[in-house]
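One structure below.
In order of appearance the chains are A, B, C and D, and numbering begins at 1 in each one.
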Amino acid sequence: MTKPFTQASSEPDSDGLPGLAPGEEAVIALRGVAKWYGEVVAVSDLTFGIGAGVTALLGPNGAGKSTILNMVSGLIAPSSGTVRVLDRPVRRDTMIYREIGLAGEQEQLYGSLTGREFVRLNAILQKTPDPDGAAENAIAIVDMASAAGRALGGYSKGMRQRIKVAAALVHDPRVLLLDEPLNGTDPVQRASLIALIRRLGNEGKSVVVSSHVLPEVERFARNVLVIVNGKLAAAGDFRTIRERMDERDHMVRVRCDDPRRLAAALVAEPITKSIRLSGDGRFVAETNDVRRFSLLVPEVAKREGIRLFEMQPVDESLASVFSYLVGK
Amino acid sequence: MHAEPNQPLSIETSALVKRYGDVLALDHVDLAVPRAAVGLLGPNGAGKSTLLKILLGLSRSNGGTARVLGRDAVVHGRELRMRVGYMPETDALPDNATAADFVSHMAEMSGLPRRAARQRAADVLYHVGLDEERYRLVKGFSTGMKQRVKLAQAIVHDPELVFLDEPTNGLDPLGREEMLELIDRIHRQLGILVVLSSHILDDVERVCDYVVVLDGGRVVASQPLHVPDDDSADLHVRVDGNPDPFLDTLREVGLEARPAGIEYSSDEFVIARRGDQTLDAIRDAAAATGSPLRLLRPATRSLEDLYVDSVGVGANGARGNGRGAAT
Amino acid sequence: MLTVRQFSGGRTARLALALSLIPALFAVIYLVRPWGITPNEFLVDLFRELVVPTLLPIVVLLPATAAFGNELEDGTLPYLLMKPVTRLRLAFGKYAAVLLVTVPALLVGVAAATLVASRGPDAEDLRRLFLAMAGASAAGAVLLGAVFLLVSLVVPRALLAGMIYIFAWESLLGRFLPGVQAVSSREYTLRVFNGLWDGDSAAASNAVMTMVVVAVVCLLLAVWRLRGIQIN
Amino acid sequence: MSASTGQYGEIFDRGYLHYGGPRLGQTHAVWALARYSMARALGIRRPWTAKIIPMLLYAAVAIPVLIAVGIRAFFPAFEFLDYAAFFGAIFLLVGIFVAMIAPEMMSSDRHDRLLPLYFSRPIGRSSYVVAKLLAAGLLTLSMSVVPAVVLWFGNGLLADEPVAALRDSLDDLGRIAVAGTMIAFYLGAIALMISSFTGRKSIAVGVIILGFVLSESLSLAISEALRDQPDLARWTFAISPSRTIAAMVGQLFDEPDLAADIPLNASLGVMAVVIAICCVVMFAWYRRRD
């Protein structure tokens, strides 16, 4: 399952597309895709594939995540390049929509319909054989049975998110595109949506989830595509990417009962680039090998009999994946 | 900014009730919130927004009293509204005005003379990080910029207390970071009291020193949050690679580790602290098993535990799910 | 399918029906105190001066611009576009839904007005008058439905644009500038009405032909527009 | 501090500063909101697309006035546009103008969800309505009174003895002021009330214009139906803004054709009552909103 870490600039793997394991078949394939709005470039030079399972589409706001999802949905046409789903062109072939479900980022829904009517309507338009059964099933999956009889206009944000997901999966598509599905949900709803996303992925569907909340992404997707400034910045296994990140300089904050002595011992090591003491029993160390450094500190502290109170990365917050890739 | 004996509490309610038809949105809410940065937590529909609306005088309660900064929200509504600011959750921004126009207009609505309003609008927009953009139409702004404009209009008239409803909603990690930093600065440097309503426990943990948790229209927790450098709290740890040898070594000295819960990445653990020996045991276990110790920090009384304990069954279920998802 | 459900029982349909019933209100006033004119004269006046220039276009405008316009505005259009349905069927489905809402509403309105007025003194040949009004209303709806559907796909604030067209172009300029009449839906609707009422079916069918051709062209343009539409 | 070296140097704190200046009351807020609303409705500091319609309407009302004054300059005896004709002619333009600006003032605040921002500030709900009414009324004055005053001024200046002519026709100026002000606030109040019920501007525009058009037809039809009861039939004017205004203008400027035997006090009274009803409805509506 572990996929090699690939960068956009690196050689494409055997299937010809970054983002796919060797020999893996592309369910979604983008080749040389770019999109301009007038003079503004939304995305450019995108070539990647997405296979089965959950893939997280990551990137800061405005990086082009929604543009990509909308192009895969056929809602907008790329300015150049091709977008194919299940090896069929979207936008020219409306029958492809039997295999695609999208829960987009738009907030408004048909306010006068009830949640059940809305999901059922989507089933009917998809020509699902048993629309009532399919709708009930989808509603049950997102845990909305109790509120399905109420009008959409009165839904909270979390409820809207879930009913949108129900409408997107009512026809049991092979490709499910979810744009920021966790936005606005409370911790309880978030946990149940995350469990749902994992389950759909395990069933072999291609689930693409865009998000900017990294700690959550970690919980449902191992495979990620990072979009920065409209370009593919990284693709592959989340942890591999995070480990790659360890190869750059890190800052670590340490609090102990004898910061001077510990700092003096650490600074003698070649992996320590600098140490800055701050008066309150803490120091911040900069290292070029954070893994070895993280082992070094307890070892040295143990040897010297220094008590460690705290040790935490200054920039480990997973947000640093972005800052790292953005800063490049 | 911090509690002085002669200053009124920031929020005080007694037996506050609000009904929407059959639904009891607030069920006899009693609160006495000190002058602090207050986090307002709770699941969707817990009554957070309803409470904010009543405190702001936007909505009338069906019973009970609410006092903000020592003033009754109904009787002294106008006087009170001169001293508070409000950043709503919705995209409450005009389609067709520039940021500077809109914010200075809002300043005038708070009673500032015209020139002072324009001047302060420009200053505040600069301080929330909108400088050159302030003469552009708000319509074309990104989510993060819109949130900043909303924050700017909430503090442009230099309020004593500012209500922030989901200020980090829709922001990406960098944007969220910057927004929380801004809020933190508003509170700590400028001494403006903050009431922050959020879904995200982490947001509250970052900027607040007091927390109120609502569930089903009732107050289930209301207490101070941080005690700086609390050396008696549980510990959060994370090691690189396979954590099992590290955890086994700890277990040998009688220390049990459990996975950290719902808002944290899956590979963090919580270890109950029994004195300072626990610190040493963790240090030694890492050194002995060669496990790089990437994180060691006191969990104080973690907000998450508080939330899970007070919100009860639902969140416990979620916690189970979360753990299931982590495996 | 979706649109019919969205309209039926929805605010738009009720509004269209309510507006369609305004002529009946006038007929009631007429009936209470007929002011020395026959029902025929009254109905012809009513139809020419109120229904055709103002009510008919508004009744059609509301659902026709709502059909795609509302969904474009609030971003629900993807729910329709992302279904295994060709754009041709989508456009004609919406169009059919618009006609299904407006034509019955207009016919009910005209029928109610005729029925009420028929109890006045010296009524004659009201059946033929009703048919003339009904035929002209339906023809007007066929034409304007297609035009406004296309407008709602092309112009950002279609409802406002439609209002300005109705009040400024049809009601104001159309009265004063003869040149405007050649490209005015009011003119063609009245031609159909006059043809049917005067028994000159050739004139009526000529006008209907023109209207149908324009409607079809508008619909095809709408399909073409839907094919290329970009949603963000 | 730097006196010893004779050099001056200082670092200023450019951080966020607390506001120590005056905080003004309701009156200020009402004026500020009225001013802001007027500017927005006219498209000031907004893209040019927002300016087109108001500018066209101003042009439409200014051109006949300028032409009338121009004609008067060359053919002094020929009065192309008297005041009654002017107010009769501009009803349609003022109606459209009001239908454009009122939704811009009321509906867009609802659409953009700005009401919570206003109502969480010292400006109260009633003051909000008052400010909007003021804005709509004042702005409409620029459409109704200003051109008429230009006409009056032009007429006076072109007379043989301008000063005397202006002085003698001061009563005309008074009538212009009364007529223009009443028209502005009467139509403004109706349009604002309609706009306050919807967040969608185009719906509000449509309902306002349709309301003006239909009410006139309706009132004429009823008055026809009541032919044999002329006392009752006369009062049907009250249903229709256009007929009410015509009645007022007819009496003020002595044009019996327009006035149809309706005393001035009656038409003015109807207008005042309608304005009051609209205000009450809006106060109640905005007070009730959460």
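One rule holds in what follows: a residue touches a chain if its C-beta (ideal position, glycine included) is under 8 Å from a C-beta of that chain, and two chains touch if they have at least 3 such contacts.
The structure displayed is predicted, hence computed values, not measured ones.
Enquirer: Tell me which chains count as touching both chain A and chain D.
Expert: Common contact partners of chain A and chain D, which must touch each of the two, are B, C.
Enquirer: Counting contact pairs per chain pair, which pair wins?
Expert: Looking across every pairing, the one with the most contacts is A-B.
Enquirer: Measuring centre to centre with C-alpha atoms, which chain is farthest from chain A?
Expert: In terms of C-alpha centroids, the chain at the greatest distance from chain A is D.
Enquirer: Can you work out the whole-Å distance between the CA centroids of chain C and chain D?
Expert: Distance between chain centres: 33 Å.
Enquirer: What whole-Å value do you get for the distance between chain B and chain C if each is reduced to the mean of its CA atoms?
Expert: The answer is 54 Å.
Enquirer: How big is the gap, in whole Å, between where the Cα atoms of chain A centre and where those of chain C centre?
Expert: Result: the chain centres lie 49 Å from each other.
Enquirer: Report the inter-centroid distance (CA atoms only) between chain A and chain B in whole Å.
Expert: About 24 Å, centre to centre.
Enquirer: Two or more other chains touching the same residue: where does that happen in chain A?
Expert: none
Enquirer: Two or more other chains touching the same residue: where does that happen in chain D?
Expert: There are none in chain D.
Enquirer: Which positions in chain B touch two or more other chains at once?
Expert: Residues of chain B never touch two or more of the other chains.
Enquirer: Counting only chain pairs that touch, give me the topology of the graph as line, ring, star, complete or other.
Expert: ring
Enquirer: What chain pairs are in touch here?
Expert: Pairs satisfying the touch definition: A-B, A-C, B-D, C-D.
Enquirer: State the interface residues of chain A toward chain C in the complex, per the touch definition above.
Expert: So the residues of chain A in touch with chain C come to 66-67, 70, 73-77, 94-98, 100, 102, 104, 106-110, 112-113, 117, 121-122, 124-127, 167.
Enquirer: Name, in rising order, each residue of chain C that touches chain A in their complex.
Expert: Listed in rising order, the residues are 1-2, 5-6, 10-11, 74-76, 78-87, 228, 230-232.
Enquirer: Show which residues of chain C lie in contact with chain D when the two form their complex.
Expert: Going through chain C, the ones touching chain D are 22, 25-26, 29-30, 32-36, 49-50, 54, 58, 157, 159-160, 163, 167, 171-172.
Enquirer: Inside the complex, what are the residues of chain B that reach chain D?
Expert: For this pair, the touching residues of chain B are 53, 56-60, 78, 81-82, 84, 86, 88, 90-98, 101, 105-106, 108-114, 116, 120, 123-124, 127, 137, 153, 157-158, 189-190.
Enquirer: Where on chain D does chain C make contact in their complex?
Expert: Against chain C, chain D makes touches at 92, 96, 200-203, 205-206, 209-210, 213-214, 217-218, 221-222, 224-228.
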